[in-house]
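Handing you this structure, nothing more for now.
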Amino acid sequence: MTGAFDIILCLMILGAAGIALFVRDALAAIAFFIAFGNLLGLAWLGLDAVNVALAEIALGAGVTGVLLILARARLLALGDDATCADTSAWLRAGALAACAGFVLLLAAAVLSIPPESGLDRAVAPLMPGLGIENRVTGVLLAFRAYDTLLESFVLLGALVAVWSLAPAGVWPGRPADLGVADVPMRRVARSFGRFLLPVALVMAAYLVWAGSDVPGGAFQAGTVLAGGLMVSAIGGAIGLPRSDLPGLRVALVLGPLVFLLIGLAGMGFGGFLVYPEGSAKAAILAIEYSLFLSIGATLALLVAGPNVIGWPDPAGGTDRHSDC
Amino acid sequence: MMTFAPLLLVLLPVVAALVSFALPERLSAWRNAANIGVAFVKLLVVAYLLLQAQAGVVFEWRYEFLPGYDFVLRLDPLALLFVTLSVFLWLLTTIYAIAYFDRGPNLPRFFGFFNLCVLAATGVAMSGTAITFFLFYELLTLATWPLVAHRGDDKSLRAGQIYLTYTLAGSVAFLAGILWLQSLVGAIEFSAPANLGAIPPLTLTLIFILCIGGLGVKAAIIPFHGWLPEAMAAPAPVSALLHAVAVVKAGAFGIVRVIYDVYGIGTVAELGLGVPLAAIASATILYGSVQALMQSDLKKRLAYSTVSQVSYIVLGASLIGPFAVIGGLVHLVHQGIMKITLFMCAGALANRMGITAIAELDGAGRLMPVTMAAFSVGALGMIGMPPVAGFISKWYLGIGALQSDAAWAVAVLAGSSLLNAAYFLPLLYRAWLLPPPPGRPAIAELATTRDRMLILPAVVTAVVSLGAGIFASLSFSPLGWATLVGLGYLR
Amino acid sequence: MVTGHVYALTGAVLAGLGLFAFITLRHTLRQLLAINVVGAGIFLILGGLGRGADATDPFPQALVITGIVVAVALTAFGAAMIVRLAEARVATKAATRPDGGKPGP
Amino acid sequence: MAVPLGFMLAALLAGRAARWLILPAAPAMAGLALWLALVPADAAYLVGHWDLPLGILLRPDGVARLMVAATALVIGAVGLHALADPPEKAGNAAQAETFWPLIYLLWAGANAGFLTTDLFNLYVTLEMVSLAAVALAAMGSLEAALRYFMIALVGSLAYLLGVALLVGRYNTVDVTLLSQVAQPDLATMLALGLMTAGLLIKAALFPMHGWLPPAHAAAPAPASALLSAIAVKLGFVILLRLWFEAFPAVSGQTALHVLGGPGALAVIYGSVQAMRQQRLKALVAYSTVAQVGYLFLAFPLVAGAPDPSGAWAGMMLHAVAHMLAKAAMFLAAGLMLKAAAGDRIGDLGGLAQSMPMTVTAFGLAAVSLMGLPPSGGFTGKFLLLNAAIAQGAFLYAGVMILGGLLAAVYFFRALSACFAAGPAPRAPATLGVRTAAPLVLAGLAIVMGFGGSALHNLSAIAAPWAAPGAAAP
Amino acid sequence: MTADPTLLLPLAVLWPMLLAGLALLPGWGPRMVLLLPLGPLPALAAALVASRDVPVALPGVLLDSGLELGATGALFLGGAATLWFWAGVYAAFYMRHDGRPAAFALFWNLVLAGNLGVFIAGDIVTFYVFFALVSLLAYPLVIHDRQPASMRAGTVYLVLAVCGEVAILVGLMLASFGAGGAIGIEAVRAGLALPSAHPAAVPLLIAGFGIKAGLMPLHVWLPVAHPAAPVPASAVLSGAIVKAGIFGLVAFLPLGMPAAVAGNVLMILGFSGLFLAALMGLAQAGAKAVLAYSTVSQMGLVMGVLGFALAEGSAPAAVLPAVALFALHHGLAKGALFLGVGLAPVCGRAWRWGLLGGLAVLGLSLAGMQLLAGALVKSALKDQAGAFGAMLIGLSALTTALAMARCLAVLPGATSRCRPPLLMALPFLALSGAALWLPWLLYARIAGTTPLAADLRSLIFEAWPLALAALLIAGAVAVGLKAPVLPEGDALSPVRRRVAALSAAARAAERAGSRSLRRSRPKPQTVIGEDLDRIEDVFREGAAAAILVLAIAGAVVAASLI
């Protein structure tokens, strides 16, 4: 029934999570969080959910990890090492009791539900009509395309929200320097980035293409792209763009816009988000490619954060970091 | 035909209110014209309605406000009695207010709310269902507040706050009462009282207490009268309106409605609720009078006098007998015209001579004889001196009390008359008989249009209150109309 | 015990653990991390309960992917807020310290 | 069916931040809302024509119609107002630009949430709204927004956990399907409990309201208006779907008091706190806490009524009236505070004279919020009170009555401060859109009081009590 | 004669009102003072020629009121109108240089209207209206000269008048109710005679009318008010206006039906007033005050008789004419006396003796001096007063005579003029003449017997009190006895002092009360406020939210399980 692998993996996950949560040093916590994310990816593989595993490793561990590291670094620069003061024992005891009870209740509920892939049966017969193989992609971009559409807007909205945090006087401007590394590191990163960026682009494009049939897809691909962009930015291979750059805006909006337009076009075929007979795959691919670009750009900028004070010359150009 | 006539009465003031709100101060002449014009048109409509009503036509306008709850405007004789009073006095008060303020601050606001007030008062009168009544009743509360707080000084604001605290609490109690009753018998229509026979007496009693208690706040029955004297911080036209027509009358009117059109006199008598209410009303009558006696501020004295006088209406309604009902209803009108006379005069005194305290009244009669003459008529009427209208009310109330086997109520009336005399006659004494303070010139009361507008409304009401007394038994007199209404209930 | 249940239970424990951490930790960044742990636990429950005998249901998988994206978006926003708040506090402190004005005792 | 059109439009605009887009957007959305209100009662749309266990059902029932319409009105008015009176902090161009995409995001999220019957889809919309709401709140106070954000995240996760359990248990997340298959077992109850708790956070029901007052009080006026009017309502609507549509069989009458009890407490507690506030916007924010209480207090009343249509309509009317009135009030308060000497209530003196229209708007909104007639607030409260008294729930009735009185106390405290003679206000407001917007909203809240019957019938469209399991496509 | 009832009766009251209205016209005041005598003329005509007991309906006025002139009323009306006429003539001259002519003419005419109206009212509402008119508007006449003493007197008058009004109003209400809501005077009186009548009705009416008529001990206003007014006003006050009170009793007392308690009380009060007031009058320093006390005394006599009749259940037809006749005589005589007192300052030596003589004759007549009209009317009354009453009436001649003597003794001396002006003297003479002559004229018509049929011997025998009085007066003059001087209004001033003290105390108490109220106002509950703040802070924590999520979820589960 259950392999030892599964159990050991689960224990490791729990251990990593425990350390990530309760270790005193913030950097260590984040490091263990990233490890935790990767272990989770393994867990998803164990569940035969390769799509999710990719997403978890790329987004859950990768992007989130970078986000947290950057945030911690910036806080440190401001004199905040993100360690926690001890809370009162009473609170801990109370919380412990509450959470333990919660876990027990939840466990009981979980155990009362027999695991089954109930909807697989519903999905399977519909797949041929779409012309793609990957059922998850099918769910994401056809059956629940509406969810995904909204989700893409959440992502974009998050970016807008992040932008909105910029202090007065720096709009339109650029996000903060991603340079967390020292100069030699950055030089390495820069050369690495120059090399990485095109590779990432190609790889991501492949992921999208593959996503229709084998695991992969726009989100995972977008993450890869974002990763490439970020590394390049850290190294200074590319400069962070001004937030009002028209090209940037187009890149950000492209995915949701295409998605939306195709959805609207569906109204000509019977209703919103109805794909025309036979060309479902084409539509899905179009959406995926445009989404992937936008997601890449969005994620990269999300990581970068809001515009900040400290860019003396907003028009400073791309060679801001070439002084070294 | 003309089923929208009641609606017209409600909408006309809205027009005037909007005009008042919208027009800037420099177009005040237009605003004044609109106000008087609308008031006048309303009077014409009411005249038409009166004629129709004489012929037995009952106007009704109905609109489903919520499923099962109709918004009904219905002009039965009782409604018409109150409507006529409101509309007539409103015209006068509008004229008076225009003269009183002349060019004060915040007048668009004032006249706007002023019109909303008349809207609410006529609405209260015409309401055909409990819920409609409540709507207008609350509107009245709200529209009056800015008027009370009009001056914006600490005193007015405090008064406004007290006013609201009391009246809102009252409204809530009233609302709870009608909701409770509605949950038992369905929507309450005044024209078709529900059969309350199946409801336990205790429940009915509690509901009655809620309703009457709630309405009693506006009618300033003790112990809910506290807001009224405080509200004297308001400008004189407002006081006139609060006391004579709108607020306290709405409360008293509501009590009449509850007793006669919701419960029905039979039920009230069965439950034995009339006598306690009459007792409370009596206590109010006496208490208000005693308090009035203690006041040194003219308007406060008048205010406590209102506390006392409005309870006459309640007393009449609660005694349940032909004469008592008629007495109560006719006092609704009589008290209105007499008290408005007094307040308009008090306002004129304050406006022209800066007189607010009773001690300052010395010689006022010599300086402003017309004003003080009108004032005197009002005051004598309040005492119950014939032939001013107040006497007629007292007469009917007294006989009614005896008919209802409540001779003690006659003693209350008598005591109140004495107290009334005790607090009004000294005013007249000062005004007419004591010499004015040196150096105070006589006022040319009728010199300009504005002066005339300030005085003449009071003169008109004084004359009307005399006329209503002298010609009481004409069929179109207040008494005649009240008799019609009262007999309608007793049939 | 079924494989799915193992993962789902792990998810349940993760959720409890994360929640406990959220309650007891006093730094927003760490709380944010805790929330991500809770989220991961919930996703595991979704996945674990969708684990059939032969395959995992694509429907919960899709939901999880959507959920992860949303979580990342929110985390990014949260992290940005935390940093900005710290910056703003430092800036306020810097602004008030020099012109505190009053002659100290 | 093509309802998300509005949302698409909004989304389109999100990219290109341009404040002027509100001009076409507002009427377009209003028109769509109107169209939505008039579609046949049994209209429903399966997105992409994918059948239910997989697909997502959009269904304009009475609740959705009312809410979408009210949202269109509120955001339209707030948007126009913001056009004339920029919401951002002085000189913050980032806020000026991002404000617009964010309100469209909020708009889209809210509308999508009101229309859908899919619990997971609701999660996404919930996040859209929360995200936009937090970002808007952050324009005023980062600290409050961060607190809001953290608490909201807990709520989201609780909700998501519940969804996860339901997916595992029933393999569907559609409300209409769940209502047919739901069993009162542990997993379902726990799911319901968790989702409820999470949503209560979003809806800011006492005692989970802690995030609301600071966030709403600090945000720029248009943002506060949207937060108080719309953001909390989505949680409320989802709870309606859960308790009355999906799980009426699961939740007993007792469980409903878990909502009703805190609702009643919220009314009292929010009112008491509002009375104590010294700052105008804090007062208004606490009033939201109290008003939200009424919405939940209505839950047991709806369930307990033999004919729930009255209480149901009362609840909906109250929600809509609160949206309109509260938005109006925040806008008015914003204008007043700009003109006043300070942000304390005592600083409002003289405003009634210098900006009568704005104070009128504030007053009208207050009338509706207090539940005084004639207003939508009154009609709603009237129906609720009626229901409470009819079923002998005197405790709830008493709370409602008391709440109305307390509301009167605190609102009139603010109003009378405006009437007080005070120093000449700094900037006499001019007539124009920014004055008109709150006035129109407040006026609508009042006018609602006259359209009780129509709204009552509207709210009854496809209501869960009318025909259980209705609205299959 | 055919049209007269419909015209004359309303005219009798409307005409003075019209004159009053004219006095309001700017500048018409002095003119109207000159026209004062015109006021009562229609009433005089009515009294003479209007047909009796024919109701005149005035539909629409008040409660559909009516006017009606009965036989008794006609006597009262005639007497009053005569007195008002001559007093008007006097006033027209006396007040010609007055500072407030308009006010005087206004109130004079209004009081006149009210006074006459009382006598011709056909229903109780109308009656009450006129009664109130005469009661209250006499106040301005009392205080016309605005002297402090007058003002005080006026206040006393007004207070009692208002109390009287209220008592009457309530009494009338009770009476009307007892009569089944009828308002016709006859019907009401009949109703009062029924055993079912409210027991308080008659006492209240007695009290109310008693105040007006100076019933002991409610008379206190009278001796202070009458002297305070200008001379012609005093004359009508004492002569005509108090008769309104008597008329009230006449009209409403349910004679013919024995009412022992009320009747006896009235009788006792009346007769004690008869003597006590006269004795108090003896102790007065002012001639007008003496006359006022004499009025109290004489009215006490009438009321004593009425009380007796009430107690006995005598038929009204027997009693009332006698009362009316007495009232007529007293009114005219007392009016003449007041006018005479007014003449005193302007009568020089010879004229003074003439005046004194005239006054003495009038006084003797009042005292019941044989062969004078007074004896005639008293004998008519004695017939209705029972033996004891008759004895008292006879005895009262003594006190009355003494009082009259006192009046003459304190008559003010002449000042400047030696010859009284014709317009002042003529009314005095005319009234004196009328007082002495009219009873003779009317006696037969009323009493049914000729006046001279009385037994001369008994007449002389019954004159002994007068003789005694003459002796006493002579003795007093001989030894130079000075009468003690009481303040006007006897019991009044101590009462007034106490009232003042009480009201001062009340005010002080009220002030203290409001102060303590202010002090006890609760302060803002800061402590609770802080607690609320702390609670609120807890709710703002994310941790709290998380715990609450768990709690609510648990609660839902638990509640669902239940």
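Letters A, B, C, D and E mark the chains in the order given here, with residues in each chain numbered from 1 onward.
We adopt the following convention: a residue touches a chain if its C-beta (ideal position, glycine included) is under 8 Å from a C-beta of that chain, and two chains touch if they have at least 3 such contacts.
Quantities reported herein were computed from a predicted structural model and do not represent experimental measurements.
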Where chain A and chain E overlap in contact partners, by chain label: C, D
Grouping of chains that still touch (sans chain E): one piece
Relative to chain B, chain with the most remote C-alpha centre: A
Chain of greatest Cα-centre distance to chain E: A
Identity of the most central chain, Cα criterion: B
Pair joined by more contacting C-beta pairs (C-E or A-C): A-C
Between chain D and chain C, distance of the C-alpha-averaged centres to the nearest whole Å: 27
Chain B and chain C, separation of their C-alpha mean positions in angstrom: 66
Chain centre separation (chain D, chain E; CA means) in Å: 76
Geometric centre distance via CA averages, chain D-chain A, whole Å: 31
Set of chain B residues in contact with two or more other chains: none
Contacts with 2+ other chains: residues of chain E: 542-543, 546-547, 550-551, 553-554, 557
Shared-contact residues (touching 2 or more other chains) in chain D: 54, 120, 124, 127, 131, 134-135, 138, 142, 150, 154, 161, 165, 168-169, 171, 186, 190
Touching pairs - complete list by chain label: A-C, A-D, A-E, B-D, B-E, C-D, C-E, D-E
Of chain B, residues touching chain D in the complex: 21, 64-69, 105-106, 108-109, 131, 134-135, 138-139, 141-142, 145-146, 149-150, 152-154, 156-157, 160-161, 164-165, 168-169, 171-172, 175-176, 179-180, 182-183
Chain D-touching residues of chain A, taken from the complex the two chains share: 105-106, 108-110, 112-113, 115-116, 118-119, 122-123, 126, 139, 142-147, 150-151, 153-154, 156-158, 160-161, 163-172, 249, 252-253, 256-257, 260, 263-264, 266-267, 270-275, 306-307
Sites on chain E touched by chain C in the complex: 542-543, 546-547, 550
Chain A-facing residues of chain E, complex: 543, 547, 550-551, 553-554, 557
In the complex, chain A residues that touch chain C: 1-3, 6-7, 10, 13-14, 17-18, 20-22, 26, 29-30, 33, 36-37, 40, 43-44, 46-49, 51-52, 55-56, 59-60, 63-64, 67-68, 70-72, 74-75, 78-80, 82-85, 87, 91-92, 95-96, 98-100, 102-103, 106-107, 110-111, 113-120, 122-123, 135-136, 138-140, 144, 147-148, 151, 154-155, 157-158, 161-162, 165, 167, 217, 219, 299, 302-303, 305-306, 308
